[in-house]
Structure formats: C-alpha cells, structure tokens
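Have a look at the structure that comes next, please.
Residue numbering begins at 1 within each chain, and the chains themselves are lettered A, B, C, D and E in the order written.
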Amino acid sequence: MTDKAEGSLLYLDDVSVSFDGFRAINRLSLVLEPGEMRAIIGPNGAGKTTMMDIITGKTRPDTGDVLFDGSVDLTRLDEAAIANLGIGRKFQKPTVFESHSVEDNIALALKGRRGAFATLFHRRSAAEQDRIDALLATIRLSDKRDLLAARLSHGQKQWLEIGMLLAQEPRLLLVDEPAAGMTDAETAETAILLKDIARTQSVVVVEHDMTFVRALDVKVTVLHEGSVLAEGSLDAVSANPKVIEVYLGR
Amino acid sequence: MRFLRLLAIVAALAAGLQPALAGRIADADLSARVAALGAGGFDEVETAITDLAATGDDRVPAILDRLGEGELMVRKADGAVFFADKAGKDYRLTDPVTGADAGPAPKATVEKIKVNNRIRRAIASAVGALTLMSPDPAVRRAAAEAVMKSADAAALPALEQAIAVETVPDIRAAMVAARATALLASDAPESDKVAAIAAIADLGSRDALGFLSGYTSADGAVGDAARKAAAAIESRLMLWDMGQNLWYGLSLGSVLLLAAIGLAITFGVMGVINMAHGEMVMLGAYATFTVQEVIRTSWPGLFDYSLLIALPVAFLTAALAGILIERSVIRWLYGRPLETLLATWGVSLILQQAVRSLYGANNREVGNPSWMSGSFSVGDIQVTWTRLWIILFALAVFLALIAVLKRTRLGLEMRAVTQNRQMAAAVGIRTPLVDALTFGLGSGIAGLAGVALSQIDNVSPNLGRGYIIDSFMVVVFGGVGNLWGTLVGALTLGVANKMLEPYAGAVLGKIILLLAIILFIQKRPRGLFALKGRAVEA
Amino acid sequence: MLNVEAVDLHYGAAQALRKVSLSATAGRVTAVLGRNGVGKTSLMRAIAGLQPISGGAIRLDGDDLVGLAPYERVRRGVAIVPQGREIFPLLTVEENLLTGFATLRRADRYVPDMVYDLFPVLKDMLRRRGGDLSGGQQQQLAIGRALVTRPRLLVLDEPTEGIQPSIIKDIGHAIAFLRRQGNMAIVLVEQYFDFAKDLADDFVVMERGEVVMSGDRDGMDEEAVRGKIAV
Amino acid sequence: MITSFLIDSLDRRGRIVVGLLVALALLVPAGNLLVPEGSAFHVSTYQLTLFGKYLTYALLALSVDLVWGYCGILSLGHGAFFALGGYAMGMYLMRQIGARGVYADPVLPDFMVFLNWKELPWFWHGFDMAWYALLMVILVPGLLALLFGWLSFRSRVTGVYLSIITQALTYALLLAFFRNDMGFGGNNGLTDFKDIVGFPIQAPGTRAALFAASALMLALGFVVASAVVRSKLGKVLVAIRDAESRTRFIGYRVEHYKLFVWTLSAVMAGVAGALYVPQVGIINPSEFDPAASIEAVIWVAVGGRGTLVGPLIGAVAVNFGKTWFTGALPEVWLYALGALFVVVTLFLPRGIVGLWDRVVSRRTKPAKEMDGSGRRAGEAA
Amino acid sequence: ADDTIKVGVLHSLSGTMAISETTLKDTVLYLIDEQNKKGGVLGKKLEAVVVDPASNWPLFAEKARELISQDKVSVVFGCWTSVSRKSVLPVFKELNSILFYPVQYEGEESERNVFYTGAAPNQQAIPAVDYLMKEEGVQRWVLAGTDYVYPRTTNKILEAYLKAKGVADDDIMINYTPFGHSDWQSIVADIKKFGSAGKKTAVVSTINGDANVPFYKELGNQGIKAEDIPVVAFSVGEEELAGIDTKPLVGHLAAWNYFQSVDSEANAAFIDGWHQFIKNDKRTTNDPMEATYIGFNAWVKAVEAAGTTDVDPVIDTLVGTTVPNLSGGYATIMPNHHITKPVLIGEIQDDGQFDIVSETAPVVGDEWSDYLEGSKDLISDWRKPLSCGNFNVATGKCGGNS
C-alpha cells in the first residue's frame, strides 16, 4: 500500500468512520499529487467536511490509511503536528480569534516557529510585516486591520479565514466552502486566488457553487454517502446521471 | 416504648392475669425497699433495684419504670420516696406502693433520685425479668432482649417459666437465646454451656458474636465451642458487611444526588456557575425548620406530617428565591458564564448572613417524624428509615425531573433556551419566563434536598457550604449537562467513598477519592457520560 | 405589510445601518443585495428583534415592532432563518423543529408536510442531534424550523449558503410556491445573484449601511445592481 | 537581553504601576521607620503589615489573572500553590526557631514534640537553609503545577472540568495537610516564628524589609506578566482562550502554552505565599480551602479580568473592604461584601479597570471606536 | 475617648465558627452591660469593640493587631479554635496585651499574655474517663475525633492514660474524621461492631461542633442507646444539642466544668440576666460562656485591685485572683494562667439539658500533660522570679526564648 502512496502528497485508502452507527465515511479512497488542486463536491452530508476532519486530525478514522507525503501517517498525529507538517485548513463555519484584531489574526497564523519560547521572545520582523500587509490587501481587510475580528460580518470573517490560511503557507490547503456568503464577483475572485496558489501548493476545495468549481477548472471528485461516486472533469461528472440525481438536480 | 410497657403492665394488673411469679409482698416490706432507692449513691440504688426485683412483686415494674423516667423523688424532710408528677412549678406526690395521694410538694422540698446509664441498665434487666410473661407480645420481646443483654443467671427461673408458656415463635427464640446467655453466666455444667453456645450461635448476629467473644478465651469445651461458633458467625458477617457498605454507599450517593441534582439544572443545563446553590439547599432546610416550628406550636398533632408539608413549602421558598435571583442578577449575565460565579458568590454571602440574622448563628432543631426514626434489619444489614426514605426520595425527584425535561414542552423550551437563548426567542419561546422557571426549578429542587438533609445534618447557616463542592464534583464527574451522569456519578462516588472508608479511614478515603476524580477526568475529560460529537464542540 | 422606516443601527459607537427603509408585501419576495459587511444581516436581525435599533421604525401591518421582544414578534408572524443557521445543537432534529410550536395553538402543533417534502433528509435524521448535522443539513433544518412557526413574514438571510445545487433549486421552488399562496411576505438576503433575480419581485441594494437602490423587478437595471455588488 | 525584553514589555500604564510599587517599597518602610509617630506621614506597623499582606494577595491575584484572564483557565485551586509556597517558607521559619521552642528541642518543631515524633521526617530536611527553602518555594508549587498541568492539558481537560479538578486538588491538599500525621502541624499549622535569615521577625526593620520585598516582588511579577502577555506568546494565549481548537489547527501546541503560563503562574502564587507567611505569622491548611481560591478569582474579577492592573486593584480593594467592614460593621459586613460582588458584576462587567477605561475613553476620544462588549448586547429581552 | 475602658471582642460572627462563637460575643456584651450597670470599672464605663475575624485565621491576627494597636483595647476576649489562638499569640506577645481564651483545649501552651479559662485535658477528659471506668465499668474504648490538634492531643493523652490503667491495645479504637463530616453511617456501624465484643464499650468523642449533629442523629437512627454504648463528648454542650432532637440520645454524656442545669444561685441569676439581655428565654447557656464569665470577672477584679488597666500590673494581679464560678464554687487563676475548675459529668436529657451525674472538687488546669513524653517535665509559673511558661524541671532551665 505504501507503494501506491509513493509520490503522492495526500493518500487516503479505504477510510471509514462512523458516528453512533452512522457511517459518515465509507471506504473512501483518494489520492492527491503534489501541486494538484482538487475540487470536491457532493450532496449535503456526503462526508466532505468529515474527510477534512480526518485529514487534519480532528476525527480519527475507524479504519483505513491516511498518509501525507507518501509516508507520514496522519492518524497518529494530533492537530498541531499535522498543521506543522504543512496542512492548513479553512473551516466551513468561519472561526477566527474574536478578541484579536484582524491584523493579529493574520500575524498569529503567519508561518514561523510555533514553540512557546520562540513566541515568547518573538519580535515581528519587517519582512513579516510586509507579508501581513500584503495578505490584508489580498483579502481586502486592510482598512479593518485594527478592528476586533468579532466585529466582522459573516463574509468578512470568511475572507479573514482565507487570509489566515494563506498566511500559514501550507503545502496542502483544505478549503471548505470558500465562496459561501460571497457575492458572485468575489467568488470569481476567490477562484483566481486559489488557482494562483495552486501553482506552488496543493489544494483541496469543497464547494457547492458550480460556477466557482467550473472556474477552477480542475479534476472533480464527487462524494456520496461517504465514498467516491464519480471522478473526472466537471463536465464529465455533471453529465453523470447519478450525480445529477443525488446532487445537481434536474 | 417504656410508656407502652407501662400501659401493658397496668392492663395486665387490671385483668388479674399476673401468673405465678407475680406474688405480692406486704406493703410495708415493699415500702421499705422502695425507700432504699432514695438513699445513697448509684451503688446503693443499684442494690435496691436488685432487691426490689427479687421480691417478684407485680408493683415493682411500674415503680422501676418511673424511676427510669426520673419521676421518683425523695422528700427531703423524711427521705420518703414518691411518684412525682409535675403540677405547675411544683410536684404532686403519690405513694408508689399504695397509690395514695401524698399531696403537693414545692420544688425545693423534693429531690429527684438520680439515674445514670448503669441504673437504667439495672432497671431494664430487672423489669425485663419481671415482664417476661406480660400479655403484650411487644413487652415480652423487649423483656427477653433486656434479659439477654443483662446475661444474668438470676433470671434463669423466670426464663424457664416464660419459655414454657411462650407461643410466639420468634419471642420464644429470643427467650431461648436469653436463657443461653444467662446459662453461660451461671455455674451450670459444661455440657449445658456448650449447648447454650450452640443456641447463641444459631442467632448468627453481631450481638451473638459479642456474647460469644466473652468466652472465646475460656478453656475447655466451652472455649472450643465458642471459638468455633464465633469463627462461623464472623465469616457469615463478612458478606453482610460488604452488603452493609454497599448500602451505606447508596445512601451517601443518594444524598449527593439530592444535593447535586438542582445544580445539574442551574449549572449543568443553564451553565450558570451557581455558587449560591448550597444556600438554596439551606433555605429548604430552614423552611422545614419553620414548618416544624409552626406545627410544634400550633398543631402538634400534625408533627408526623411535617415533612410532607415542608416539601412544597421548601420547594416554593427556594424556587421563589431562585427566581428572584435570576430576574435580578443572573439574567444580565447570560453569555458571561464565568461572571455568574462572582455574582452568585455574592448572593450566597448575602443569603447566609440573612439567615444568620433571621434565625441566629446556631443550629436549629429539625425533628424526625416517627416514620423516619429508627431502623430495621434485613439480614444483618441495618437499614435506617431516614436513609431508606432519602434514597427513595432522591430517586423520585430524579425521575420526576427527567420526566419534566424530556417529556414536557417546558423541558424542551428549557433546553432550547439554554443552548441558544437568542434563537429560542426568535422561534417564539418566551425566554425570560423560561429562564426564570428553569432557575426556579433548579433552586426548588435544591430546596427539596434541604428538606431531606435537615433530617441527617445540621440546620445551620453553613449547611450549604458543606455540600457545594461535592455537588460540583458530582455534576462534573457525571458529565455536565447529563442528568443520568449526575445520577450515576452521585451513586458511584457514594459507593466508592463508603467502600474506601473502612480501609483508609474517612479522611484518607476522601483524599483518595478526590485524586481518583482528578485522574478520572484525565481519562474522560468531559465526565462519565460525556456528550460527544460535533454538537458539543459547536 | 412590513415597513422598515429610516432605521439606524449601532454596534457600540459604530453605525451599521443609516436611515434604511424597506418594505415587503404579502405574496411578494423582496430581495436585499449587497457586498460583505454592508449591513444586510444587521437589518434582518433588527426586523426579527435580535438587534436593538437606535432610530427609525419597523412596522408590521402598521403596528410598531420596535421594543417588542423577538418572541412577541414571532407571535405576530415574523420568522427568521438567520445567517449561520443557529440551530439548537443538542436538541434532536425533531426537537429543533418542535421548538417552533411555541406560539402555535394546540391544533396547529404539527410539522407541515412541506418541510419534509422539501428536505427529505430531515425526516431520515429526526433522532440525530442538530449539532451533528453537516453544514448544509443544518441550513435545511433552520429553514424547516422557521416554516414550522407558520410565519406571515419570512426573513431569509442567505438561505442557500452551503446547500447543494439540487436543493437550492427546491428551495427556489418552495419560495415561489409560498409566494403564490399569497399570504406570506418574504424578505430574502442573497449573494447568489441569479437565484435572487429569479425569485425577487422587489429589490433593495445596500452599500455601507445605506440603501442605494431599490425598485421592483421590472424597474431594475441588472447591470447597475451587479455593479453595486461587484468587488 | 532579558532585561530589555522585560522593560520594553511595559506600556505606559505598566510603567506607572511598576513605578508606584517601587516607590511604595521605599516610602512606606521609611514612613514606618523614619517618620515619627504622630506625623501625618507616619505609617503605623499595623498599616505596614496590613498592606504588606495585601501586596502578597495582589501577587496571587496577578498569577490568577495570568491564567484566567489571558488563557481562559479558570483555576479554582490557585490557593494551593500559594499555600505550598507558604508552607515551604513556614518550614524554614520553623527550623529557624531551633531550640527556642517551648520544649527546647534543638531539631523538632514543637508540634512534633508533643505528638511524640522521634525524628524529623525526611521532607523537613534542608529547610534549615534559606537557599534551600527559597528553592522549594519555587520548586514545590512549580513542580506540582507542572505535573498537574502536564496531565490535564495533554488530556485536554478544559473549562469547568479543569476548574473543578483544580478545586479537587486544593481540597485534597486541604484534607491532607489537616492530618496531623502528615507532619505539617495539622490544623494549627506552623506558627510562633522567631526570625528570618537571622533577623527577628517582629523587629520593625524586618517588617519593613518584608514589606519592601513584597512590593518589589509584585513589581517583578508584574513586569514578567506583562512581558508574557504582550509577547506573541501572550497573543497565542488569548487565541487559545477564544478558540482553543482553532489554535491547534494553525499549528500551536496548546498544551505547551498552557503548561508554560500555568507553571509560571503557580510559581508566582508560591512566591506570594512565601512572602505572606512571615508577615501574617502563620500558615495553616485553611489557605487550601477552595473558598480561599474562589476569593482570589473574585479579586481578579472585581479589579478587571485580563488587565494585569485590575487584579492588583481588586485584591487590595476587596481586602481593604474586608478589613474595614469586619471592623466597622462586624454583624452585617457580609451583606456589604456580597452586595459589592453583585454590583460589580452587574454594573462593571470589566471590573474597576473597565470602569476607569470607560471614563477615560469618554473624556479623551469621544465615540470614535466601539468596544467589543457590544457583541452580545442583543439580549432578547 | 479616655472616659471609657475598651474591651476587645474577637469572636467569629461569620463563617464556620460563627455557630459557636457568636454566643460568646453576646456573652461579653452581656457581661459588659451588667458591669456598666454596676458602675463600670475604676469609675469608667466599659466599651466593647466588636470585630469579626470571620473564621479566618490570618484575619484573627490582623484583627487582634487592629484591636490592640488601633482601638487601644485594654483586654481582649476571644478565639475558639486553637489555631485562631495560635494565630493571634505572636501579636499579643509583640504588643503586650491580654487575651482571655474561654474554650477547652489541648493544653501544651502557657503564655504570659493569655489566660486560659477553658479546660485543659486533665480538667475534662481524664475525669470523664475515670467516671466511665468506675460507673459504667467500661473496658473498651473508642476515641473518635475530628482530625485536628485538640482531638489528636487529647486522644494521645487518653491513650497513655488508659494504657497506664491497664487497657489493652486491642481495646482501644481510634478514629478521625474531617471537619464538618456529615456521613457517619460507617463509623457508627464500626463503633457498634467494636462494642459488640462482649466487653463494656464507650465512645470518647472529641468530634468538633459541626459534625456532632449528624453524628448524634446517626447514633439515634442506628439505635445505639446510652445503656449499650455510652458516648461521652467534650465538645457537645447545650448549644449543640439545641439543634438535635435529643430523645434518642438520653443518657449519653458530656464532660464540662459547667452545665446550664447546674443548681446554684449564681447560675440562676446568670441565666435570668442572659435571657433578659438576649431577649429570648429559650437561649441556652454553656461552658465556654461560664469560662468567659469567669475570665471577665477575674479581669474586672484584677483591674480594680491593681487600680489600673495597664497590662503588666494586671497580668501580675490576675494570678491568684479568685472569683465565683457559676456552679456554686470559686475559680482561682493559677500561676500557670489556667484556672481551677470542678469537673462535671452530665447525661443528656430529652429536653436538651444535662443531668449532672458527677461532680469533682476543683481541679487545677494542667497545661503540660503528665502523659506526654515531651511535656511531662515542664511546668509553668508566671510569678516572679521564675516567670516562665515552660520551665523544665529536669534540666532546670526555662525553655525557648522566654
């Protein structure tokens, strides 16, 4: 099995997890190459978020392998260790540090040493400041940098989360519904942003907005009832009658 | 009891049923012996009692009973002994032998004959031997038990006689046992004594073991038999001891449950760190006291119902206090749960001091109604009525609460409001009302706990403080927000405590238990019945 | 039916709404559009009574709602599907729906068939705790819960967020159906422009806490609106 | 480097506080020793010991604020660390008595003599040396905190669960120290001290020195605490307080951070206890009483949680109130104190410091920025 | 102002000890009231300064300092628990003032600034045990106490005493419980078990105030009668019994130096006055109240004799001062600052009072127990020239720093 994982960035094989008898993920397998961007779609409750929970160490799978970089067993690591491997995540429901300013939210997420003593004696460098400014500009919150994150609107929090994700400079980005709550124009913007990132990093995006998914123009995996229903280009999977029935609707 | 016995004797006298033993000696003789009670110290009084008993006179039990009650007095002027009945500030005297009225006597002219435990024991044993043939089975049973305790060889003839005519099987058994103990104390032949040991061993009880242990170091056949019998009883009692500890554990657990269950609402369900919870319990206890005071002064006949009356009163008192606190303080603090700690701490100080100002700093007496007094045995487990009722009461309160929360509309609304107050309002739930009722319910239940605790603990302004820590432990150990957790948590902690106590002692036992809780929480960071899943983290 | 008149709203010292006015009529859908942070949610919460306002009036059938607690507004027929779902996490799906009975007469205390028709997944998961549901399922539950209260004014704050395409279509049909019934006024906040465009009878476009455009379907310049909500 | 790191850490308010404390350390002893009685500037010994005690309470409050205010760990058992530091100091002071105890035993403290102890228990060895005792003042609370924190934070015990087990911890220690068998003097505790590092403990000079030491220690504690909370680490702590699991997902080892402040805070509490004991003259298990720990939390809340200055003000204000009320209104003071707590929570949600900030901000920058407390303002009723 | 003499009252009015100490505060106020009716002392009225140390030991020390150095009181009546006394001791020594301590305690202390008007162990515990041996023929002993210094020490002394009387190790059971212990089921059952070994058994209870109510309730419920296993208590008085239904407890014992039921004129007058003062004729009196009474009167008498309230002369004058106690006799303050007291044994009655079944001649309080290894060679005599609280007769030295 590790052979198959060889060369992959993320490798899920035969993963299952149940909650009180309900199988949320059912023998799911999925492989992501380095530098690849993948879109994941699927009905509500298909297990998309749960899959991200498994990758990031929030949920432990009942069975199956979850490997990073072809060899690192993620099921043995905790959330912080996984994050430090270079896996970053944006949550479906935006979660930011409410009593920190927008700027500090980004600063905390900024790539850097995470040890307690390192942070105790840490001084923000000019380079870091530049990076923070750039990120704030990207997420269009420069003018709100001193505002407490608690005071952002829903959509602004979404953006802040994206900013925090970018700040981590992870090797693998897991993005859960980035376009939710965004205007159509912003959605398009986000797609461009992600494609940009995907040039250097790997990305997994979950989204229900088909326009957005189309704009990404990448391989699509359709999840249904915890396992892969179809995989391929968006056009291909959209034509799949089963996908139409359970997901897209007529 | 004693009064009953007295009645029985009087009745027996009236019916002229007194059998052979109960002769009568001359009044003068008897008077002289009675007068002896009034002279000298405890040693002399004891001798006088034995003397009186030896007469076999049927008037003696009544005289001795009144001696035991402290109603026998010496007239200072002439040293004569009388029954004394209180008459205002003074006494009315009656001749104990003839029953003749001896007129009133000012308090200062008479002196009570002192009784202490030794005298009381002598009386019990003397009266016992004399009343073994009473027509009242209860009196006979008591007599047999008294004689057994006194293990007095002199009672043998009376016992033989009584056994011969006794028809009630278990009274007869008690008499046989009493005879056995008397025999052992006598100079009967060894074979009789061995038989007596066998009879005692048959009882199998702790008391029997006690008697036997007096002979286990004896030589010869008696010693052997006693040692064997004692060993047999001991191994039997071991098992019962386990059961006894379990029972104690359950009853301690039920007290913890009662104390914690209101907190399971205000803290567990509403998330209010309610430091005034103990004071709600205290209010319940004081409500009970107040009810009993009123009953004592106005309707003494209702005393046995006082707790039943106190239940609604205590519930309402505490519930109203709770509602008042919620409306005036807590409601401003939703969304700031930690600050409820500060405010309710303040409230608890105020309540304590208020009770202290109103009722004084001292303990208050809350009595047990007759149906909550005393105990009975199940095998060798002694079950006290108080504890039994408290266990039943705790379970009843628990089930009622579960029913309210899970089965009623109010329960649903309570849970909805505490999970998301704003949204609850936005679906049409009257959140202020529900908040007040929820806090009131939790407080009211704490008040009910106060009724139960008043039966076994101090009713003092500090009552609540004694339970608050334990209550929080129970709720947290069981899992916050889970009532079943509170139930299981309380019972587990109770039983664990009582199982530890015999080995580690009360202090160390409690320390061990606390450390165990700390370690347990490491294993299950959200308590015994942890809620799991996304729903909780959300 | 609903008239929001010159409403001001502050968070502390910062003003989130300035003299915002809007109206909604039975049998019609009013869409509120605008970029992130312009005050749409603040307005909806003000209508439902979840956020106090600092000026203006909110009238339902001529009665001023200002000062009424949210539950009193529900009694008068206001229901909200809030942004962020706000379901009761530890109540089961069924219990979540039942909370909507609070203001109903005994005879009305049942879940309308429409809810289960629209969201069959809820029926399958009646015993599951609300908080365990997936994001989209929670959104469906939130809509269902609002419908249970039999509202006369339904306020939907981005109801399609996180919902799969087929169900978005169903929700669209449902809104259209409710509109056709003619006795319910619907206020819809939506970022998904095409969805709003298909459903809305009237439009309100906001910018920085103010209404900058409004009008009915026919009188509306799509390009201008798109411009207002572009980046 | 460390010093510049510490000094830089102070904001304007912090510098004022530290300045005040240093001034206090100098002026109050001077007022006691040098200014003649009867002068308006004379500080009586009564006042000196009283305020010395308050200062140690303030240090305890500061340590509570560090974990509660900045990292969201509500400790209902911080009194345990305070008491342990106090016991370590008390043991040293006991050993200093030497043969001057009532039984004139050169080694055994009096309570051991009359309970027939034959020799000094092992854990009493070394306490005759000041350096060892000082080490223990830091090590004992520190190690206990480390162990307890390591277990709990690794197992992710949080919220009320953590609060209640801290309470269980201090309660267990209370019971344990109560036991005469433990060798800490049981309920009577350790008392009747004679001298400290060679100076008679009741001498005016010693008292003044202890006062100054308390003020300076508090100043140092304050500087360290502000350095911590104003560093990036401090921001991580706040992040943990607000959204613990989110912090993990960006790669911070929450348990390490918690363990760091927790232990630091326990050491601060221990030092406070060590300074407290020689000034009040007794250490007894009641310092382990959970109620004592709750009170410390209350000082913090009254002063203003998460402000560093607040706990100092709260500790002094509440204790001053207590001193005053128990003398002036002995029969009804609990009403006053209870009402104070209720009123503070209701009307000063961010404590005395919060009130101060509001007044100041109203004066200086009218209505420009709003404060975060508006977030939950939309309470239904 | 200088026209009054200030008297400090240092008893907890809140917290766990308020239950016991509040009454003593009232007692001092009552005594002051009476004294003022008689014209005060040295022609000046007495003025009480009441503070609340709130059952908090360090606060006791703080309040003591406040009373002495701020309020300038001439004498302090106060403390109940030993730890509170230990806490204020250094303050009284440093500021040289007088404390009257009115509660029975474990002994092992004699300080120049303190007068101990409660019982030392030899004035309570040992006579009680003697009584049980003689009158009840007790052979087996349960020593049950709250786990703190007073019970520990008392039990140490009793253990040594019993063993000296030939009681076997097996016939002594020692049990300790935490403060405020409320679940006595197992312990009462254990006592019962221990008592069913064929030998007459008694319980000597040093259980602290609060825990007694549940203890006695459990005794009653489990049907342990005084005739079977009598309990003799050293911390249970009328005040504690007021919180219990005593019917099931009739015959259990307590050893004190005073009971409310004492039949003497002084007592009758005291109780009458107390009831009037407190405006409640149901309020009981108890032993620590008598100890307060004795201490107060002794101080008044000494001040009058010395003609001043200055501490040093008053301390010197106090030794040897004799005042009436409430049981019809006299109490003399001895050179060791303890007093002479008769020992009374009472049996609980169903009305919550005690029936006195035994009374000894006055006994001198023995501060350094003869039954403890470390203290048997110590004596105390505060008269000049010895002026020592812990003089070692073996080494001939005054111990410690005194």
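Observations on the structure shown:
Throughout what follows, contacts are C-beta pairs under 8 Å (C-beta built on N, C-alpha and C of every residue); 3 or more make two chains touch, one makes a residue touch a chain.
By chain, UniProt protein names: A = Urea ABC transporter ATP-binding protein UrtD; B = Urea ABC transporter permease subunit UrtB; C = Urea ABC transporter ATP-binding subunit UrtE; D = Urea ABC transporter permease subunit UrtC.
This is a predicted model, so every value here is computed, not measured.
Common neighbours of chain D and chain E under the contact rule above are B. Once chain A is left out, the chains joined by touching do not break up and remain one piece. Relative to the centroid of all protein Cα atoms, the closest per-chain Cα centroid is that of D. Each chain gets a centre from the mean of its Cα atoms; for chain C and chain E, those two points are 75 Å apart. If each chain is reduced to the centroid of its CA atoms, chain A and chain E end up 74 Å from each other.
Averaging Cα coordinates per chain places chain C and chain D 51 Å apart. For the pair chain B and chain C, the distance between mean C-alpha positions equals 63 Å. Along chain B, residues 352-353, 422, 424-425, 431-432, 465, 507, 510, 533 each make contact with two or more other chains. Annotation for chain A: residues touching 2 or more other chains are 19, 151. Residue positions of chain D touching 2 or more other chains: 175, 178-179, 245, 331, 334, 370, 375, 378, 380-381. Those residues of chain D lying in contact with chain E across their complex are 44-46, 49-50, 53, 99-105, 110-111, 113-116, 175, 178-180, 185-189, 191-194, 202, 280-282, 284, 286, 322-323, 326-327, 330-331, 333-334.
Those residues of chain D that touch chain B in the complex are listed here as 74, 148, 151-152, 155-158, 160-161, 164-165, 167-169, 171-172, 175-176, 178-179, 245, 290-291, 294, 297-298, 301-302, 331-332, 334-335, 337-342, 344-346, 349, 376, 378-381.
The part of chain D that touches chain A in the complex is made up of residues 5, 228, 231-233, 235-236, 238-239, 241-243, 245-254, 256-257, 260, 370, 372, 375. On the chain A side of its complex with chain C, the touching residues are 19, 22, 42-46, 48-50, 92-93, 140, 151-156, 158-159, 177, 180-186, 189, 208-210, 246-250.
Listing the residues of chain E that touch chain D in their complex gives 13-14, 50-54, 56-59, 61-63, 65-66, 69-70, 81-83, 86-87, 89-91, 94, 108-109, 147-149, 152-153, 156, 176, 178-179, 372-375, 378, 389-390, 392, 395, 397, 399-401.
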